[in-house]
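Both complexes below contain chain A, partnered by chain B and then by chain C.
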Partner chain A sequence: MLEAYPDNRLARILLWSFCALVLAFLMLPTLVVVPLSFSASDLLEFPPRAYSLRWYGNFFGSATWMAGLRTSLILGTLTAMVAVPLALLACISINRLGGRTALAIQGALLTPSIVPGILLAIGLFFVLAAQRLVGTLFGVLVGHVVLAIPVACIVLLPALARFDWNQVQAARSLGANWARAIGGIIVPQLQISLLSATLMAFLTSLDESVISIFVASGQNSTLPKLMFLSLRDQIDPTIAAISTLWTVIVLVAVLIVSLRQKS
Partner chain B sequence: MTVLADPALAADARRERRFFLSLSLPALFIVGLAAILPILWIIRQSFLTTGGDYTVGNYEKVLSSGLTWAALVTTVELSFGTLAFCILLGTPLALALASVRPRVANLLMAFVMLPLWTSILVRTYGWLVLLRREGLINTALTGSGLTAEPLPLVYNFTGTLIGMVHYMLPLFLLPVYAAMRDIDANLVRASASMGATLAQTIRTVILPLSTGGIFSGSLIVFIYTIGFFITPAVLGGGKVNPLSIRIERTLSTFQDWGSASVLGILLLVLMALIGMMFLVARRLMARNKFGTAHA
Partner chain C sequence: MMKSLPITIDSVRKAYGSYVALDDVSLDIRAGEFLTLLGPSGSGKTTLLMALAGFVRPDRGKLLLGDRDITRLAPNKRDIGIVFQNYALFPHMNVLANVEYPLALRKTPKAEARRRALDALARVKLDGLAERDIAALSGGQRQRVALARAIVFEPRVMLMDEPLSALDKNLRETMQYEIRRLHDDLGITTIYVTHDQREALIMSDRVAVMNSGRIQQIDTPQQIYDRPSTRFVAEFMGEANIVGPGAARRIDGADASHETLMIRAESFHLDAKIVGRDGVALEGTLRAKAFRGENWLLTLALDGGQEILVCIPSALAGGCAELATGQRVTAYAPAAKVHPIPGAVA
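Moving on, here comes the complex of A and B:
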C-alpha cells in the first residue's frame, strides 16, 4: 500500500524497527519458557547453566498433574463430541431459515462469548451449587460446551454456505429421512470442516481457565486450574515444562486445522 | 421466496420451516442452561440474604464500600490503558503488515498468531519469568548498568497492564489489519500523486478508512478486558483489584454470594454503559465523516 512512497526510506526504517520490537514483545513470553523447561536448576536462571529433563520427569511423575492432564483431555474430547453436533444442527437451521430468525439464533448462540468469563463462572457456580453439582465434570462440561458452540459455528457456517442444498432435496425426494440426509449427505461432504470444528472445540475447552477455576475441584480440576493455583503460590520450573508441552500440543492442532483448510 | 398458491404446498413449506427451527433448539437450550440462566441467577442472588430471604442489603453494603468504587476505577483504568497501548502498538504494525506482499504478511502474521494460540496461563508464566525482581529484564537492566536497582515490573499495575496488552494486541490487530488490507491502493497512489506527504496520506486517507476496523478492535478489547481475571490475579500480586478480583475474593474468601452477585451486576452495567458509549461514538464519527466529505 505504501509503495506510492518509495523515497521515504527513513519513515520505512522507523516503522519496521518499531514493528520488529512489537513482534518481539508478542513472541517473548512464549519463547522464554522453552529453555527454562530444560533447565537443571531449581532457580529460574536464564540462560540455564545446565540442561536436564527433570522438570518433565516431575510433571509426568506427579499424580496431581497427571490427574489434571487426564481431566483436561477427557473434558476437551467430551466438549468437542457434544458441541460439534449441536453446532452443526444449529448451523443447518441458520443456513436454511435465513433472514431475521437466523440472525436471532446466531446472536443467542454468541452471547456466551460476549459475557465476561467471570460472570459465566460465578453464575454457573450458583446454578450448580443449587443442584449440588459443583465440582462435577458435568458442570464444567456444560460451561465449555457453550463456549465451544460459537467457535464451531464460525468454522461450519461458511462451509454450509458453499454446500449445494439440492443434494439433500434429491436425497429427501428419493425417500431418505432427515437423519439419513444429514448423516449421509451433509456430514461426509463437510468432513474437513467438521474435523476443524472438532479440533477448535477441543482447543477451546483445553484453553479455558476461568470457568474451571470456579466450578471444577478435587479430582476434576483441569490442568489450567492447577497451573493457576500453582502460579499464585510459587513459580516452579515444572510449569515451564507443562507450558512447553501445552504450546506444542496446541500448535500441532492449529497446524492441522490450517493445513486441512488450505487443501 | 416464491409464492405458493397451493395451500398444501404452503403447509408443507411451513412444516419444513418449523423443522429447521427445531434443529437449533438443542444448542439454544444449552446456551440457555449454561449462559442465560446463570446470569438470571446472579440477579436473583443479589437480592438474597445468606439465609435466603429477600433484601436490598447487599446493594447497600456493596455500593457504600470504598473498595467497590476503587475496583470500578481500576477496571476502567485497565481497560482504557490496554486500549491505548493496543492502538499505539497495533495500528502501526497493521499498517506495516498491510503494506507488504500478502506472502510476507502471512509469514509475519505467524508471529501474531502464535501468542493468540498460547494458553493465557503459559503467557502469564512467561511474563512472571521476564518481569520478576530477579527476572530476565531486571537482570539485563542492572547488569548493563542502566539501572542501579531492579525495577518493580510485576505484582503491580504495570505488570498487569503489560500482561493484558500482550493478551489483547493480536485480537485488536486482526480487524484493523483486515480493514487496512481492504483499502484500495489506488486511493493511496492518488493521494501521493496529488502531492500529499506520507504523514498527510496516513492521516487523511488511511486512518479514516480504517476506523471501522479500529472500532471493532477497540470493542473487542473492552469486551475482554472488562472482566479480565487471570492476568490481574497472577501479575497483580494482590495489589491490583478490578471488579473481577473483588468478585472472586467476595465469593471465595468471604463466602458472601449476595455481595459477589451485586459486584457481578455492576460489571454488567459497566459493560452496557461502555457499549452504549461505543454506539454513540460510532454514530457521531459516521456523521462527521459524511460532513467532511461534503465540505
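Moving on, here comes the complex of A and C:
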C-alpha cells in the first residue's frame, strides 16, 4: 500500500480531495439531519432559522414514540441473544462438516441476506399468518433472527476457520462433552468475534423496517416502522430528532465494541 | 500407582471413500506396556490412535479397554489421556488452569484438584511455573504441561501423537527419556505414534510397524531391527541391503542360501577374520565413499549391477581412507547378522 502513496505534491492534493469528497457523500446525508433536529420551525427546513430542543421534547414526551423505542431495543436485544448462539452452532457444524454439504448449508443460511427484503417480508407474513402470529413481538423476532443469522455467520465463520480444533479434541479427551467444550474452550477464545456478531445482529434488528411494517402492529411497532408511518402522515422535525439520537446510539455501540476489541 | 488396562483392537477397518486408512487391524496391547505405532505418513497410525481416542469411528471391528467395549463410546467418557502433536493447550488459561481442567470437569473438590495439579506439574519438572501464561512457555515446557494435563486425572491409558516432532533434536532426546521414565513410574498403558524409527527403538517395549493401513510386524525393537519380516520393515528401520539369492557366497565355501537376504549396512566388516567362517562375503567395485564422522559409508556395485551400502565404524576403518573408487572391495558379514526375508524379491 505504501508504494501506492504518491510523492508528487499535486497528486497528493488530488488524492486527499477525492477522499474528502467520498467521505462527504457518505457522511453529509446523515449529518444534515442533526441541525434539522434542533430547528424551532414546524417544518423540515435547512438551514434552520431558529434553534430549539422542542422536537426532542416531543419525542420523549410521546407515549407512542417511547413504546416504539422500547420495542426496538427489546427486539434488538432478543434478536442478538437468539441469532448469535444459533449462528455459532451453525458455523461450528459448517466448519466441522466440511465439503459440499457444508457449502450447501452455508449457502442456505446466507440466503436471507441476498433475497430482497420485501420478498422475505411477504413470505414471512403468510407463514406467520397461518400460525396466527402476525402482529406479535414473537413474529417480528422470528423475522429479525432470520435476517441476523447470516450477518453473525459472516463474522463467525472466518474466526472459526482460524481456530485450533485440536483444543476441542483435547478438551473432549479430558472429559468435556460438546456443550462444555464449546462453552469453556471455543466461546472464551472467540469473545471478540462473538461481541462483533452480537453488535451486528443487534443493529440488523434495530435498522430493519420492511419486515416490521408487514408483521408488527399496534404496541409492537418498532421505531423504524413508526418513523415510516409518521413520514406518510405528517412531516415534522421529530423524525430528525429520532434519527440524530439513533445515529448517536449506533455510534456509541460501535465505539464501545471497537475499543474493547483493541484492549 | 494407577491401575492400567490392556487394549484390544479387533479387526478394525476404516475407509474414506476408496481410500482404506485401516485395513482390518488387530492388535493386543498389554496392561502397562509402552507400544509404538511406527510408520510413514499415511500409514494409518494416527487414524488408529484417533479411533482409540474416539474421534474416528471405525466402519467395522471392535475396540476394548480391559473387557469394556469402547468402540461407540463418546471421547469424553473414555478416560484416556492424550498428548497431541501441537500440544493443544488452552491459551486462555494459565498453566495451573490447564492442568486442573480435567479435574474441574470431574467436579473434584478445589483443594484436592489444586494439590493433584501441582503434583502432576512436579512430576514433569514444572514446579514454580503454575501461574505462567501458556504464551510465555517454551516448546519443551508446553510439551510438559500437555503431559501433566494428560496424566493428572489418572487415565488408565495414554495416547501420544508424535508429541516430540516439534522439538529440536537435543530436547527431543531428553523428552524421550523423560516420557519413558514417566511411563515406568506410573505403569500406565501407553500407545505412542511416531514416524521416527530411532525414537521407536529407544522408547518402546514393542513396536508395531504400519504401512498402507496394515500392521506389517509387531515385535520388540531388537527383533524388528534385526529380524524384519518384510522388505518394507527392513528398509524403514535403517540402512538395509536386500540381496538376491546367489549374490552372497559363504566364506567357508559351503552352499550359500537360496533366499533373499537382508544385511544391514553396519553389519559389514572389511576383514574376513572378524566375521567367522560361516559368514558371507559380497564382492564388488567401490563406487563412492563418504566419511560421516563416526563411520565411513561405502557404496559397492555388485557384479550383478546391484548397489549395496557398507558402513564401517571409524575405529575399525583402518584402510578406508586409502580405498580408491573403481577398486575391488569385498565386504563380509557374520552369519548372525544375515537375515532371510521370505517371499521378498531383491
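The definition used in the following text is that the second predicted complex is superposed on the first by the 228 of 263 C-alpha atoms of A that agree within 3 Å, B and C clash if a C-alpha of one lies under 4 Å from a C-alpha of the other, contacts with A are read in each partner's own complex, and residues count from 1 in each chain.
Operating definition for what follows: contacts are C-beta pairs under 8 Å (C-beta built on N, C-alpha and C of every residue); 3 or more make two chains touch, one makes a residue touch a chain.
Fair warning: this is a prediction, and the values are worked out from it, not measured in the lab.
K.L.:
Quick one: on chain A, after the overlay, do chain B and chain C clash, or do they fit? Just give me the call.
P.N.:
Clash - chain B and chain C, as placed by superposing on chain A, overlap.
K.L.:
According to the stated criteria, A:W246 is in contact with first (chain B), second (chain C), both, or neither; which is it?
P.N.:
first
K.L.:
Report for A:D236: first if it touches chain B alone, second if chain C alone, otherwise both or neither.
P.N.:
Touch partners of A:D236: none, neither chain B nor chain C.
K.L.:
Mind working out whether A:R180 is in touch with chain B, chain C, both or neither, as first, second, both or neither?
P.N.:
The second partner, chain C, only.
K.L.:
Determine, for the superposed model, which of the two partners chain B and chain C contacts more residues of chain A.
P.N.:
When the residues of chain A touched by each partner are counted, B comes out ahead.
K.L.:
Let me test your reading of the model: by the given contact rule, A:F228 touches which partner, first (chain B), second (chain C), both or neither?
P.N.:
In the superposed model, A:F228 contacts chain B only, not chain C.
K.L.:
Look at A:F18 in the shared chain and tell me whether it touches chain B only, chain C only, both, or neither; answer first, second, both or neither.
P.N.:
first
K.L.:
Once the shared chain is lined up, is A:P188 touching chain B (first), chain C (second), both, or neither of them?
P.N.:
The second partner, chain C, only.
K.L.:
Would you tell me which residues of chain A are touching chain C in their complex?
P.N.:
164, 166-167, 169-177, 180, 184-185, 188-189
K.L.:
What does chain A use to touch chain B in their complex?
P.N.:
Where chain A meets chain B, its residues are 1-5, 8, 11, 15-16, 18-19, 22-23, 25-33, 36, 44, 46, 86-87, 89-90, 92-94, 96-97, 101, 105, 108-109, 111-112, 114-120, 122-127, 130, 142-143, 145-146, 149, 178, 203, 206-207, 209-210, 213-214, 224, 227-228, 231-232, 235, 239-240, 243, 246-247, 250-251, 254.
K.L.:
For chain C, which residues count as touching chain A in their complex?
P.N.:
53-55, 74-82, 84-86, 88-92, 101-102, 105-106, 149-150, 153
K.L.:
Touching chain A in the complex: which residues of chain B?
P.N.:
Checking each residue of chain B against chain A gives 17, 19-24, 26-28, 30-31, 33-39, 41-42, 45, 89-90, 92-93, 95-99, 108, 111-115, 117-130, 132, 134-136, 139, 166, 169-170, 180, 183, 185, 188-189, 191-193, 198, 201, 206, 223, 226-227, 229-230, 233-234, 244, 247-248, 251, 257, 260-261, 264, 267-268, 271.
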